[in-house]
Every structure is written in structure tokens, then in C-alpha cells.
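Listed below are the structures to be examined.
Both complexes below contain chain A, partnered by chain B and then by chain C.
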Partner chain A sequence: MRIRIPQKTFSDVLTRAQAILDRKSPRPILEHVLLEAFEGSVRVSTTDLRVSLTQRVGAEIDQPGSVALPGRKLHEIIREMPKGDVVLEMKENRWVTLTAGKGEFHLPGSDPDEFPTMPSPPDRFLQLGTASFRTMLEKTLFASSNDESRMYLCGVYIRSLQNDAGEPVLRMVATDGHRLNLIDRPVDTEIDIFRDGMILPKKGLSELRSLLETEDDQFDIASGDGKVFTRFDGVDMALTLIDGTFPNYEQVVPPVSPNPLVVPREEFIQGLRRVSLLSDQDTHSVILEATGDEAIITAMNPMFGDAREVIEAPHDGEPIRIAFNAAYFLEALKSLDGEKVLVSVGESLAPCLVQSEADPRYLCVVMPMRID
Partner chain B sequence: MSFSSIVGHERPVRVLRRALASGRVPHAYLFWGPDGVGKERVAGAAAGALLCTDPGALERAEGCGACPACRKLDAGDHPDLHRLVPDGASIPVDAVRRLQEALAYRSFERGRKVAIIRDGFRMTREAANALLKTLEEPPGGTHIFLLARHRSQLLPTLVSRCQSLRFDPLAHDQVLAVLRDLGAPPEQAAALAGASGGCPGVVWGEDPGVVLDRVQEAEDLVARWDDLAAAERFEWAGRWAGSRDDLAHRLDCLEHALQRRMRRTAGTGRPDERTLDRLDAITRVRRWLDRNVNVQLALDALFLDAAGREWEDLTCDP
Partner chain C sequence: MARPRTILHVDMDAFYASVEQLDRPECRGRPVVVGADPRGGRGRGVGAACSYEARAVGIHSALPIGRAWQRCPDAVFLRPRMDRYAEISRRVFAVFGRYTDRVEPLSIDEAFLDLTGTERLLGPARAAARRLKDEIRREVGLVASVGLAPNKFLAKVASDLDKPDGFVVVRPGEEAAFLAPLPVRRLWGVGPRTAAALERLGMRSVGDLARWRRDDLRARFGELGDRVWALSRGIDDRPVEPGGAPRSVGAEHTFEEDATDPDAVRRTLLRLADKVAARLRRAGRVAGGVTLKLRDGRFRTVTRAARLAAPTDVGADLYAAALGLLGAVPSWRTGRPVRLVGIAATRLAPRTAAAGGQLDLFAPAPDGRRRAVALAVDRVHDRFGSRALRRAVHVADEDG
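What follows is the complex of A and B.
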């Protein structure tokens, strides 16, 4: 195997591959990248068995072949190499020589057969809008859980369904048990692969979101063998689904209150930020009260003191008094668009619904805390 | 690894193959029996049948040995076979959580997922409780093989959620066959088999000369034990405590030598209380060692005959 590839191209490909490399796996081969040189191009594959990434880049192939190389070291070396072409050549016993300018590096390669077989995508791909899908991920991913003992929450639930008007929509839901985000976006035709709903892992979706920062309007998506496949710009990604049943989220989403509290979003964010400086360090608990034309946010910390801020917010309904985690509320508010947000509060311990006036199809639900 | 290459263990293999062939494979098995008896090999054979991509594999209760999945299993790098091995003396809760995370995903190669937990009794209490959750609500298409010396070493809540299969020590001929299969030359295999106590895994890879020395040492000790002065007993304990890697096998050899003595004296009509007591002491010392008791103190107690059945009368055994 002998290839010649521009340093910048190779470095970019390996940077993307880094995010997938497994750092804590008992299988050393998963810390490798698989390089396969065909006619006119090189395929660079990485997998941690949950997210698999295959990138195709143009290169001058003097001699085809394949080898698995330690991913992190290879990346560090290529990143530091001078601009221009890098020559990668496999010698005896899979020793690989990297040459650029006057520098020469030798790395021990591994048998490519030891590398897991990359999942093969089905024949049929559907097309989805890049911008819309990326927005949906941005508005849900942060709400998914990191608790590995409840893996079914460590991802985003994606489902295609019809809205009340009978139009096809794609829905994403994420929750960590304390808050829940739900977003619907219209699609041209029903995305049948998501008809039954599936839970996609957080790590893979984060990678997908960064890959989706492309100028292409659309990308390809498919599903099969317990995986979701995406394809665009010579990059193939396969996400292994999380096994399990997603909780019945519809039960948690409260109805929109007929008299919601209407709060200017930016003021609310700034106020909450300031007040939460004196919230309890463990619970981040702040109290929101609303009567008449104003909303009052208060926080109390037995060690450091207390804080109170008033925001002008018209409210027609019953007086409100709830406590909640300021961090969750802030994240929800930041993810909303528009100038005004609507806060629907039911009984004291019922879930609280936050949404933007401008986008009724994106809902944030925050579970309140008990006020002692 | 296939069932046809397994020597002995007729009952567990029969039960397993019946379950596999019926397609109703329990989600969790507990294989219990002495170290090195072949539990992991049998679990590997079951994993072969479960993960083989040949459509008839499950019905045959045997992997085909030729498909990519079987080849990966033989090479030890099948992505859907997860092995959990102790990290030193214990299996920490983090390791169990990592396994649970891995099992929470759908399989990588469009089939089932298998986890083999070696020395399951080494799980810390937190680790065992964490695993309990997976055993209570196993992810779909997942099979867990928990291996242990004795089921009493595991939390009853774990045991009750697994189908238990007991593995007995192999007969001398069977150990010989296993060692020969593994590639031991005949005369070495014979020497090692004699010192294996029916568990080929204990002696496989050991130098036959060293193994025979240990057997001889144990025989000498059993013959002279009663006459040893206190200072000599401490010396024995000190020497054994100094080479911890061999300790488990030395204790095995001692146990076998005591068992041989029991058999020799069985016809005399006089029960050999002292030998029985020492056998009991070995079991107790092993348990202590698993619980990180000071090795020197445990062996002092063994050689001074202070760890036998009287122990429970003297103290409150943990």
C-alpha cells in the first residue's frame, strides 16, 4: 500500500475520526483507524461499535491496500506535518512510513481483518432537510440524560407521525427524567423508517449534528439491522440504536394553559442568571411567583444570602408559585426562539410547560421542585 | 469454540444444547464449579451457537465455525461478545456499568448479544446490585453467562435470576484429553493431569516440573503435618505467603493430598477427624483470601490448625 494525500485533507478527515475513537474499550483495535486505498480514493473508517464513521477522500494511489493504524498518534503526527503532500507507505510486518517534507515517521500497523466489519447500509435512502434536522437536534440533545443506568434516556427518540391537520411531521423527544424537550417539524413525505420510533444515541447524534454543518440542503438517511445510516459529502455514518422502550412522554407534556404567564425571554434569562448565583449549590433551586403584572424570581442560599428580581410579565390566571432547577430552565429558555415565552403552570408539583410564542411546535417541559 | 470440542460436562452441555435447539434460551445462566474446570469454554461454545450467523446454528446448538461471526469469535474479537474479567481481586461497579452500557445498544452484527462474566463472585456489592438491574430487565436478545466457583458466593438475588448449571471436576482421562487437545505433549499431559484435581485450566500453561514439585510438597506436608513444631508451621506459612501467584494452586494440591489421605484411611473404621478438619480449614482460608484477609494471618491459622471447624465455635465467622 502506498498513497499520496494532501496533509490538510488527511488532517481534517482524522480530526473527524477522533471523536469516534473509543477511549475506554477493552478492545484495542477500536483505538485504530482503518485505511483502505482503492483506485483514486482512500476510505478512512472508525467505530466504537455504537457510532461508525466512514469517510472517502481523493488521493493518489500508487499501490492499493489496507491497514489499521493507531488513530490518536496518526492524527497527532499528520496534524503537525508541513503543508503539502503526505506519503503513506506500508512496509514489512505492517510497519507504515509517513513522509512529508524532510520528516519521516514509522508507525506499527495492525491487521485490517481484526477491525470490525463496518455496517453495510441498505439500498434505499430517504432525503431529509439538513437545516431542519440540525435544528431539531440542537433543541433536544441537551435534554437527554447521561445516566448510564437508564440508557433508554441517553439518546433522542425520533418518530414520524401525522399532526392534527394530517400532515406528516418528524418528532424528536429527549428527557432525563427532570425535563423533557419535544419538537415537531413538518416533512414533505412521511419518513417511514421512523414510523415505529427509535432511540438514537446521544454521542452519535452530537457527531451527526456537527457533520450536518454543511452547505448541502439535504442529506440521505436510511435504517436497517438496528442502525440508522446517514450519507452526504463522502461521509457515511451508522448509529447503533439504543435498545429499550422510550417512556410514555405524551403523559408528561401538560396542556397549554389558557392563561399562560407571558415573559420577555431575554429579560427572563438575564434575571434567572443573576438570581441563580445565590441558589442552592446542589439543587439550583429558584422560586418563580407571578401575580398580576409582574413575575418575581427569588433564590435563597443559607450560606451566601438571597436574591430577588422582578420582571414585568402580564398574567391573567391564578397566582403562580413554583420552584424549579434554574439550570434546566435557563437551558430551555436559551433554546427557544422569539421575544416572548409562554410559561404554563398547573398545580404546584405538576410539570411546567415553556414554549415560545413564535414556535408552538417546540415544547420544553421542566419538572418543578417541592417548596419546603 | 464448539460443543463438540468440549470434553466431559455432559449434563450442563446437554441442558444448554436442549435450550439452544428449542430457541428458548434463558437470558442469564450461572455456571458454577471449581476454577479451571471449563466453564468459560462451555460459555464460549454457547456464545458460538448464539452469535453464529448461519440460519441453522441455533437449531443445531452449534456454531458453524466458518461464517465471519464464528471466525471473529475464534479470534476473540466478536463485537457482540462482551467479556468482563476481574480487575485484580474484584470486579468494580464501573466495569459492570460499562458492560450494561454496551448491552443497552442493539447488536453490532444484526443478531444477539452475549456477555461472559468471569469470576462473578468477585463483583463488589455495588457491582452485583448494578448487575441485578440488568438481570431483572434484560435488554432484548441478550444472554449473560455468570461464572463462579460456588453459587453461595453470589447474592441470592442474582442466583435466583439465573439458571444455575453445576460443573464438576473432570475425570483423569478427560483432563488428559483436554490437555492433549490444548497441545500438551503426552508425558507432560499425564503429569499435569495428575495434579489438576479434575480442573485442566488450573495446570494448563504451568511447568510440569513445578507442578509435580508442588504435589510432592503437599504430600510431604500431609505426612509430617502432625509432627511439625510451631516454628516450622510459621515457616511454611511464611513461605507460602511469599509466593502469592502460586498460592491458589498450592492450596488445591494440599486439598487433593488430604483427599488422597482420606481415601487411604477410609477402610480403617477410624474417622480421620484431623484431616477432615484441615479440609474444612482450606475451604475457609480460600474464602478469607477472596475477601482480602491478610494472607500471612490466614496461612498462619491454616498451618497452626486454627482455621478448622472449631473456628466457628471460637469466633463469629463473617
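What follows is the complex of A and C.
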């Protein structure tokens, strides 16, 4: 095996591959990338058994062949190499030599047959709009959980359904149990593969989101064998669905209050940022109070002091007083668009709804904290 | 990055012997050995404690008492009076209590104190530590060695460094320099065998060790390599745990024959979760995390840990979390027979402290009906034994 490939191309491919690599795998082969050189192109594959990524890039192939190389080291080396071409050549006992400019590196390769078989995609793909799918991921992914004891929260729930107005929409929901984001976007017709709803893993979706940062309008998607396959610009990805039932999210989304608190979004963000500097370091708890025309954010920390900020915010309803994690609220506010946000607060310990005046189909739900 | 902590380790010098010298002025300045009866050199027990005068003539606490007598027949040999030592200990700990409530007793005469954040109240930590040491001497009449450092490991090494009557301060940023000249044996977890292995690789001092790369140490010594790497740089993030309360409560079960029925394993896990939860309730504690342990028929053991969304002392919550972890174990997914299954409740906290804080969207309101049921079950078990009331799924199990 001997190939010549531009450093920049190789480095970009490995950066992406690296995101999928298992970091502490009991199977060392999962910390490897599989390189397969064919006529005119190289295929670079990585998998953690849940998410598999295969990238195809053009390269000069002097001699076809395949080898598995330690992914992290390979990436670090290629990233630091000078601009220009990198030559990768396999020698005896699967030792691989990398040359670029005046540098030469040797890495021990592994048997490509040890590498897990990459899942094979079904024959039929359908096309989805890139921009809308990416936006939906951006507005949901951050709310999903990292807690593996509740695996079913460690991803985004995607479902195709008809909304209350009878229009077909694609819905994404993500939650870590403390906050929840729900977004609907119209689609032309219901999307069969998402009809029953499925939970897709965070790691694969994060990668998909960055892949979708492109000029192309459409990407290909398919499902089968407990997996979702995407195909895009020479990059194939397979995401294994997360087993388990997504919680009944509809029952925790509170109704929009008839008289919500109307807050200027940017001011609210700035105020929260400042006040939360003095919130408790473990709980990040701040208190939001609203009466008449003012909303007041306060934070107290027995060791570092306290803070208070007033924001002009018209409000007709009952006085409000709730405590919440400032970080959850800030992330929600930052993900919203538009100048004004509507905050619907129910009872003091009930979930709180935050949405933009401009977009009623994107909802952020934040569960409050107890006020002692 | 967490803010730097201020940890104090206080260790009473030759505690038992010093208490005896305090109570018996005639023993002051003489070798005192507290322990078994020397029986004129024929005694078979060992000395439990020796005054520094005794140590000067070569008597140490693990020495057979008969040998101690042979080395120094003039020493004062005394039988221990544990009640008296406990009484003095309480007075010493009362002094600690004036400085902080975050006191972790290690033994009757030794404790960690977390002074982080007390500067406004007590003044600079160094001065506070000096004052604490002086108060013990003045009020109890005994001498303590004190180590002040950014973590427990360093504080303990520091208090030991200049014994007796030691007062050693390690300031943040000076950790590595402080440790460098010390022998590797000072590192927690390095015994004679590991020390010998380290020395063969040219590591005599902690400084020698600190020059090694983490990966290389791990490759040679496994988990221990990771730990000594961190310790050699003065890294130790163990918290001071007041009350000496247990860090975890666990239960495990080994199947008589490797279990191939996943339902049987789940049933056993549920039973263990109930058992652990009952012990938590009894201790008035809640778990903030769960660890699952699974050993397959080929003796390969994996553990998986997770934090809980809300602290709990209810078996069903622990079980649900463990079940989630189980699904992530590869050998379980491939259906390999199970030899042992275990569950532990971790990140324990007093129940009262768990009240308040972040509410969960999906978890039932804390203190709901499930906990009331659990408490009722506890009462039945207390009165009629643990077999009087069981979950229906456990009735058919022999060992349920």
C-alpha cells in the first residue's frame, strides 16, 4: 500500500474521524482508523460500534491496500505536518511510514480484518433539506443528556407527525430531565422512516450537524436494521438507534400562559450572565421575580456576595417567583431567535416555558429549582 | 477548574503514651510503652504505642512487647486505658469543631479538616492552623503535628514530615517541589514491592517519578500507575468527608451456576437494589450515583457507574439506573452467561441535605408514594423478617 494525499485533505478527514473514535475502548482496534486505498481514492472508516463513519477522498494511489492505524496519533501527526503532499507507505509487518517535507514518521499498523465490518446501507435513500435539519439539531442537541444511566435521554427523539393544524411536520425533542427543547418544522409529506419516532445518539448527530454545514440543499437519509444511514458528499454515516422509550414529553410541556412575561431577549441574556457570576457554584441557582413592569433577577452566594438586576418586562398575570439553574435558562435564551421572548410560569415548582415571539414552533422547557 | 482548597491534617504525637504521661507526671521524660503485659520479657503481645523517649531507645509500636522489655527494662510498661483516650480524643475533636464542621476523623487521634473558605471567619489559614495547634496544647495538654496543604494527601505527608510537634505548610503551586525530594514510599499505595519495582526503573524519589509520562506509568503499573502519577504531582481531589460515613453501600450475588436467563439476572439485581436501598434508609442517607458490577462466566469483570438525576433511597430508582447501565455492558448485550452481579449506591449524602435543588421533569416528585411504600416494607421486615414481604417476582426464586 502506497498513497499520496494532500496534507490538508487528510487532516480534515482525520479530524472528523477522530470525533467518532472510542477513547477508552476495551477493544484497542476501536481506537484505530481503517484506511483502504482503491483505484483513485482512499476510504477512511471509524466506528465506536454505535456510530460508524466512512469518508471517501481522492488520492494518488501508487499501490492499493489497507491497514488500521492508531487514530489519535495519526491525526496528531498529520495535523502538524507541513502543507503539501503526505506519502503513506506500508512496509514490513504493517509498519507504516508517513513522509512529508523533511519529516518521516513510523507507526505500527494493525490487521484491517480485525476492524469491525461497517454496516451496509439499504438501497433506497430519501432526500431531506439540509438547512432545516441542521437548525433543528442546533436547537435540540445541547439539551440532551450525557448520563448513561438514562441512555434514552442521551440523544434526540425524531418523529414525523401531523401537528394540531393537520400539517405534516418533522419534530425533534431533546431533554436531560432538567430542561427540554422541542422544535417542529414543516415538511412536504410525512417522512416514513421517522413515523414511529426514534432516538438517535448525540455523538453521531453532533457529527452530522457539522457535516451539514454546507452549501448543498439536500442530503440522503435511510433507515434499516436498527440504524439510520446518512450519505453526503462522500461521507457515509450509520447511527445505531438508542434502545428504550423516550419519556412522555408532551405531558411536561406546559401550555402557553395567557399572560406570559415578555422579556427583551438580549437584555435578559446579559443580565443573567452578570447575575449568575454570583450564583452558587454547584447549583447555579438564580431567582426570577416579576411584578407589574419589572423582572428582577437575583443571585446569592454566602461566600462571594449577592447580585440583583432589573429588566423592564411587562407582565399582567400573577406575580412570579421561581428559582432555576441560570445555565439552563441562558442556553435556552441563546438558542431562541427574535427580539422578545415569552416566559410562561405556572406554579412555583412546575415546568416553565420559554419561547420566542417570532417562532411559536420552537419551545424550551426549563424545570425550576426549589426555593428554600 | 475548582478553586484551591485548604486542608489540614492533624495527628496527635504518640497519642496513648502522651495521655499516660499527661496523667502520670512521674512518667514524663521517660520511655513509656502502652500495650500488652511484658511479663518479664516473655510477653507475647505487642506495644500499641510508645513515647518518643521509648522510640529513642529502639522501641516501636509493632515490636513484640517481650523484645521491648529486653531492649529497655527501665521503660514504663502500661496497659491501655481506651476509655480515657476516647475522652481526651473528644476534647481534641471539640477544638477541631471550633474551626470547621468539615472534620473527617481517621482514627481516635487523627483527622482531616477542610478549612476552605474560612478565611473571612478565622483569618489566614496558616495562622488559624497555628492557633488550633496551640489551643490543643493549652487546653488538652498534648502536642499535635499539623500539615496544611491544598489537599488531603499533601496535608498528611506534611504533618508526618516534621514529627513530633510538626507544623508544615505546603502552599498551592509548591506541591511538586515539596514532594520531589521524598522517597516514593511516601506515595499512598506504594508499598515495598512497588517501591522496589519503581527503583529498578530508576525512580527513588517522588521527583524521579514525576518526570515519567502518565501513559508509560500506566502501561507498566496499570491503575496504580495513574494514581502515583497524579500523587507525584501533588494531585488529589478526594473531598474531606465528615463523620467518617461510608462512601458507598453495595451488595452483590454470585450465581451457583452461571446465569443464562436475563430475567433471572434482572430479578437478582432488583433484589440487591432493594437491599441496598433499605440499608440507605436505615442510615438516613441518599445515593447520588449507582455502580453496577457484572462478572461473566470467564471471570471478566466490568463495572459501570452513573450519576442519578435526583438523589434517592428507593430501590426502584437504584434498579432503574443499574438496568440502564446493564444495557451498556457489551458482554450482557451479547448474552454471555453471568457469574456475578452487584450494585452499589455511591455519592452518598445525608437525606436532609438532598432536599432542595434541581427538580426533574420526569422523575416523580421526591418523597412520593414509592418511598412511603418502601418505609412500610421496612417496618414489616423489622417485625416479621425479610421473607415476610417480598416482591411477587422474587417469590419463586430460591434465594429471594
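Here is the rule we use: the second predicted complex is superposed on the first by the 369 of 372 C-alpha atoms of A that agree within 3 Å, B and C clash if a C-alpha of one lies under 4 Å from a C-alpha of the other, contacts with A are read in each partner's own complex, and residues count from 1 in each chain.
As a working rule, contacts are C-beta pairs under 8 Å (C-beta built on N, C-alpha and C of every residue); 3 or more make two chains touch, one makes a residue touch a chain.
No experiment lies behind these values; they were computed from the predicted model shown.
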Checklist entry - On chain A, do chain B and chain C fit together or clash when superposed? => result clash
Checklist entry - In the superposed arrangement, does A:G292 touch chain B (first), chain C (second), both or neither? => result neither
Item to check | First, second, both or neither for A:P26, with chain B first and chain C second | outcome: both
Checklist entry - Which partner does A:D243 contact after superposing on A: first (chain B), second (chain C), both, neither? => result both
Next on the checklist: Which partner chains sit in contact with A:E148 here, chain B, chain C, both or neither? Use first/second/both/neither.
Outcome noted: both
Checklist entry - Touching A:T283, do we find chain B (first), chain C (second), both, or neither? => result second
Checklist entry - A:G101 contacts which: chain B (first), chain C (second), both, neither? => result neither
Next on the checklist: Looking at A:M367, would you say it contacts chain B, chain C, both, or neither? Reply first, second, both or neither.
Outcome noted: second
Checklist entry - For A:G234, is the partner it touches chain B (first), chain C (second), both, or none of the two (neither)? => result neither
Next on the checklist: Running through the overlay: 94-102, 328-336, 364-372 or 382-390 are the candidate stretches of chain C; which one clashes with chain B?
Outcome noted: 328-336
Checklist entry - Which chain A residues contact chain B in one complex and chain C in the other? => result 26, 148-149, 151, 243-244
Checklist outcome for this item: Note: in the complex, chain C contacts chain A through residues 117, 120, 290, 304, 306-309, 320-322, 324-325, 327-328, 330, 355-363
Next on the checklist: Touching residues of chain A toward chain C in the complex: what are they?
Outcome noted: 26, 147-151, 175, 177-180, 243-244, 247-248, 252, 283, 285, 303, 325, 349, 351, 365, 367-370, 372
Checklist entry - Hey, which residues of chain B end up touching chain A in the complex? => result 68, 75, 77, 79, 83, 97-98, 100-110, 130, 133, 139-141
Checklist outcome for this item: Listed in rising order, chain A residues that touch chain B in their complex are 24, 26-27, 29, 49-50, 114, 116-117, 119, 148-149, 151-152, 154, 201, 225-227, 240-244
